[in-house]
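Chain naming follows the written order as A, B, C and D, and within any one chain the residues start at number 1.
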Amino acid sequence: MAEVNIALIGYKFMGKAHSNAFRQVRRFFPGKLVPRLKVICGRDRAGLKAAAQQFGWEEIETDWEKVVRRKDIDIVDVSTPGHLHHSMVLAAARAKKHIICEKPLGNTLKEAREMLAAVKRAGVLHMLMFNYRRIPAIAYARKLMRSGKLGKIYHWHGAYLQDWIMDPEFPLVWRLDKKFAGTGALGDIGAHAIDFAQYLNGNITEVIGHSTTFIKRRPVATRQGRLKAKGGPEKGKVTVDDDTNFLARFRNGSVGVFESSRFCGGRRNYNTFQVYGSKGSLAFNLERLNELEIYNSEEPAGEQGFKTVSVTEAVHPYVGNWWPPGHIIGYEHTFVHAVKDFLDCLDKGRMPRPNFEDGIQNQAVLDAVERSAASRRWTEVTV
Amino acid sequence: MAEVNIALIGYKFMGKAHSNAFRQVRRFFPGKLVPRLKVICGRDRAGLKAAAQQFGWEEIETDWEKVVRRKDIDIVDVSTPGHLHHSMVLAAARAKKHIICEKPLGNTLKEAREMLAAVKRAGVLHMLMFNYRRIPAIAYARKLMRSGKLGKIYHWHGAYLQDWIMDPEFPLVWRLDKKFAGTGALGDIGAHAIDFAQYLNGNITEVIGHSTTFIKRRPVATRQGRLKAKGGPEKGKVTVDDDTNFLARFRNGSVGVFESSRFCGGRRNYNTFQVYGSKGSLAFNLERLNELEIYNSEEPAGEQGFKTVSVTEAVHPYVGNWWPPGHIIGYEHTFVHAVKDFLDCLDKGRMPRPNFEDGIQNQAVLDAVERSAASRRWTEVTV
Amino acid sequence: MAEVNIALIGYKFMGKAHSNAFRQVRRFFPGKLVPRLKVICGRDRAGLKAAAQQFGWEEIETDWEKVVRRKDIDIVDVSTPGHLHHSMVLAAARAKKHIICEKPLGNTLKEAREMLAAVKRAGVLHMLMFNYRRIPAIAYARKLMRSGKLGKIYHWHGAYLQDWIMDPEFPLVWRLDKKFAGTGALGDIGAHAIDFAQYLNGNITEVIGHSTTFIKRRPVATRQGRLKAKGGPEKGKVTVDDDTNFLARFRNGSVGVFESSRFCGGRRNYNTFQVYGSKGSLAFNLERLNELEIYNSEEPAGEQGFKTVSVTEAVHPYVGNWWPPGHIIGYEHTFVHAVKDFLDCLDKGRMPRPNFEDGIQNQAVLDAVERSAASRRWTEVTV
Amino acid sequence: MAEVNIALIGYKFMGKAHSNAFRQVRRFFPGKLVPRLKVICGRDRAGLKAAAQQFGWEEIETDWEKVVRRKDIDIVDVSTPGHLHHSMVLAAARAKKHIICEKPLGNTLKEAREMLAAVKRAGVLHMLMFNYRRIPAIAYARKLMRSGKLGKIYHWHGAYLQDWIMDPEFPLVWRLDKKFAGTGALGDIGAHAIDFAQYLNGNITEVIGHSTTFIKRRPVATRQGRLKAKGGPEKGKVTVDDDTNFLARFRNGSVGVFESSRFCGGRRNYNTFQVYGSKGSLAFNLERLNELEIYNSEEPAGEQGFKTVSVTEAVHPYVGNWWPPGHIIGYEHTFVHAVKDFLDCLDKGRMPRPNFEDGIQNQAVLDAVERSAASRRWTEVTV
């Protein structure tokens, strides 16, 4: 058993989720390398201190440049807003740290490419936190699709819909500001929908999209955060999309239809897809993440139908380490699984997946969608 | 009470559904004008005779041109494949008959325009059989949306998915031949998805779509029909789309995402939509046509959610004439309701809806989608 | 082709449903014997006349005793409240008519036994209208269970729940009066739940139940009917159960749990069961009567789950005669299927099922449940 | 901030769940008292050592009597099989430790009464681990019911169904042995169904049940555990129920119907209830524990229906401390919430709920059901 020292940059929503993953991973997935929650990094000392204590970090630090250079740090985990990923990752790579980075990789494809180049040059391990790949139902779907259970794929529909900013009085938090977030619904949640698609169905080659901002001006934020955001009397311009949809073609010949929106009332966290192939179909909904709907067109006539499989069995990926069948797991477990895989890779000297190459592949689609929305033309995805 | 004499052209799937509607309407919706099933028309005398007897028609006729000119006929119902609509409607209009026509109005927008001009010139009543508008849940959804219950509409997703031609050995029936059917998935089922959207959310102004034919050659049909189709050893080219999807903008500023496909395994008749507005959302699925999902964002925090309403109550449109609450109705009832409305209009001298103007509006979208798929550009819908 | 003359006694809810069945059966199920809607019988001449015209009957008659003796009548259909079944069936049997009778057979087990004796003596065909057996999903479930697909059966749960009398101001209609209805929830809807169980899982041998009347006094009815009932200022005593539940043992060793209630808010017509065997399980809900949930425990580990089968395929019982797969049917179709089977039996000289023997078997359970509720003891079912 | 030292007895399924709760509680629910995982106790030193390391306990001990007397221990948590609860709790009470005990309280009502007497005498805090009360949806349901949202309650149906021992070759583990487990399905899972009912709807006053053991002999277990159980060639007698159902009456006049079974194929962990009142209804299913179905009969006619509420909002109990709306939690979180409440009570010197009095109330129902199954008579619940 050996400890690996972690530095985490960012201590809010993602910081909390990642902290939990590092703390929990060896409680349920015993293994040689044990993460040590060494130092957590952020700008606000008071908030940071509280977070460190609550989440179980040994030290705090407000200067991220210092942190990434610390000799005793093995892994740097970048969980900040997107506009900071680029410089942090470049610095961490320069310091030869292994890197975990929240999605999206950068705020632009150019940034993302530079980040990939940096980690390659440094020869470090890198992982992009598309944690939803580690949902047992998704990992199982991957297995089914790779084994050919669905046959030749024809049609993919992915939709990630939320509703948390529908109130016109919801303030202009950083996620609604292009400078910090890059894009809105597209990069925040659409990126997950794209990752599902490319993870399970292979690369997207061309797209055409349209983006809309329904509420164009909002109160300037006086407090950030999803549940605690507050706005003042002044209004500012929303510079990202509220809603972006696109059509796609996949390399394998199948067609794709994608929706991402923060204006779909009643959809709190509705990350769903349906995929249809010559032999079968699958359907998934993040709000019921323990379930996978499976259709097998090779069953006898009259006995066919979508089957709701509770992906909580010992034979399913990851989940046997938790609880007995039917005892469901939640959102946070996906991060634990991701960290588990990262540590396994570190132990064996293998590159984790999804890594920055997958990040580029994702970002290239985001980039093409954005360009297509501007040009109103079909646009090739270029990595 | 007065009888109105009906001539029905077409005696297969739609012929059966329309016959049933004429026979049933006054059993459940008493009214002044009573349809009399006077004459049914088709090409194959033997099949026609069997149909007439089974469906309850008084006479048969193999020459449709004779039929539409008969003095004793009040209403001509055109339930043939799409390529015949144009000439039949023109002839019926010339003979001053009131007309019911199956969708799509014509096989091209040009045809459709000529048909509208013809019925206008003739001054007859005309109805396009978008029977799904007469599903009680849809009529109820219309009421909710018109009354502003959903507020300003942001996002529409419509998908009509089926799977009946996925088998590559399924033969080249007329619905797979551009000459007879105009288009494939787009016009056959996508047209219904578009009609839902325009009926409930207003007109679509521009679109961009992509169409795919997955199985390019199929056995030449030796027997037509959905369930009884057979193919021979020879193969022929599929000339319509298997799968067409498109993005749209509505006049009211909302965005639309549409799927239509006959290659989605497990979806037998999956005509669904979800619509999201500033105050609420709706979701519908034709395979559970008695239900409407309603979300109200103005309910107190913590009490919000999609509600499954059984649209089978006396207060709901149409359905109180059938059975008590919770005693569901089926597919065929939608035709009965359509005929009921047509007769009411005839009685009161009012133009029914949807009529050929709605048909044009629908066809204009189909046409724009087709053109956009060819040009790969956003295309304006021009009526 | 030959006509058989029908006399229908009762012209309200069930009268409407049966009339429709006679009218529709040959339109979708061609066959040698064709029912002729000869005469409809009831007490109120005005209402009766309107019904005859609306439902398509040739003649009306207010004296049922005359009707059952008419020479030209082949089949007498008794669709009146339960307290009249006994005398009508006895008279019809005496006149050697074939008989269709609404459930429950009689209002007491004694009555039911006499009715069976009478039809046996007369040598006529007899059918009890447990129409729900003719739901395609149920007929299909029967096939699956008979073929051993579920293995040895362990556990049955049946619940028929409604909510139409929850309002304390809902009046004391005949269904709430023991004199006319025999029992309340138990006989009206519980009888259907019992029929599902005995049809699919074999006979029940012993039971213990408890019955409750939540609203003990109600306004005396000034107008009958489910949707149109009205009450006056005077109150009267409710003499039947609002809610009856019971435990059961089946002859095959499995256990049963049954609920029937008219006080379950939100359940408009919730007739459901789940059955569990050594190899598989089924679940059904009348409000989605086109679907059957099937679980197969012999599928590989990790791939098991309840599958929603749309029982609308050509290979399923009855339903291929209606519409293509996924085009659902409704409540009324179950009566059409029942009449179809009756006519087939008449043609071939075979006794239909369910017949009065099944009715006795059902009534014996109702009787045992009632006795057990009174005695508070397990009670044997004695036919 | 102050530490409280925990001793946990039992290190398997429940030991793992409780350990996690102690470790996690302050990460998500900051508070004054911080649990310290002092010592874990079990019989097998090797297994225990592995568990201690994996779950994060400081020390191990194989002699439970020593543990409960340790001066430095504040809380003893009894997570062993039921037959050991009695002596452990008595010893812990004697040593004046606060006690958390897994359900059922004892293996008999007599044991349970003695345990309650002991903790009362000792004046210590006691909590019974009916962790499902801490599901946010359940805590929210409680709030709704207490506030009168459902009106007068009429009907309760609870079913806890599983399928993990359906294979006749599944071995005779301790849960199938009356000596260790007391009862089978009834006490293991039926107890949870009863707890939901009494927590939400008040006490049950009388019951009648029937119990069945479908597989009477099984291979003797050579390895225990739910997923890892193995059997040898020898067979032994199953001495507990596979399936127990009962009817009940509640003090508030409502009726209850309960199922508990380990022989319901496809139901992995199906702990469900539906409750119906004069103003509304609720439905819940543990396999989708983040959702609550709510029906409100006071909504306008035509707009009524069951609403699926995602109980993951900041306004809902507990869940706001985890993740944003729609980001679901899982099974293990219920234990965290229970420990949080226990620590809050300890801090404020209040008795936690559910405590041993609730345990007695639960056990009294189990006891009455058992007696009623033996006597075949309605049996009063006597605490």
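Definition applied: a residue touches a chain if its C-beta (ideal position, glycine included) is under 8 Å from a C-beta of that chain, and two chains touch if they have at least 3 such contacts.
Remember, it's a predicted structure, so these values are computed and weren't measured experimentally.
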From chain D, the most remote chain by mean C-alpha position: B
Contact-richer chain pair [A-D vs B-D]: A-D
Centre distance in Å when chain A and chain D are each reduced to the mean of their C-alpha atoms: 35
Whole-Å gap between the CA centroids of chain A and chain B: 41
Distance from the mean Cα position of chain D to that of chain B, given in whole angstrom: 54
Chain B residues counted as touching two or more neighbouring chains: 267, 304-306, 310, 314
Sites on chain C touched by chain D in the complex: 154-155, 157, 159, 161, 163, 166, 208-210, 212, 214, 242-243, 245-247, 249, 253, 255, 257, 259, 261, 263-267, 274, 276-281, 295, 297, 304-306, 376-378
Contact set on chain A toward chain D in their complex: 13, 17, 19-20, 23-24, 26-27, 30, 54-56, 162, 164, 226-227, 267-270, 286-290, 310, 312, 314, 320, 322-333
In the complex with chain C, residue positions of chain A that touch it: 140, 294, 301-311, 313-316
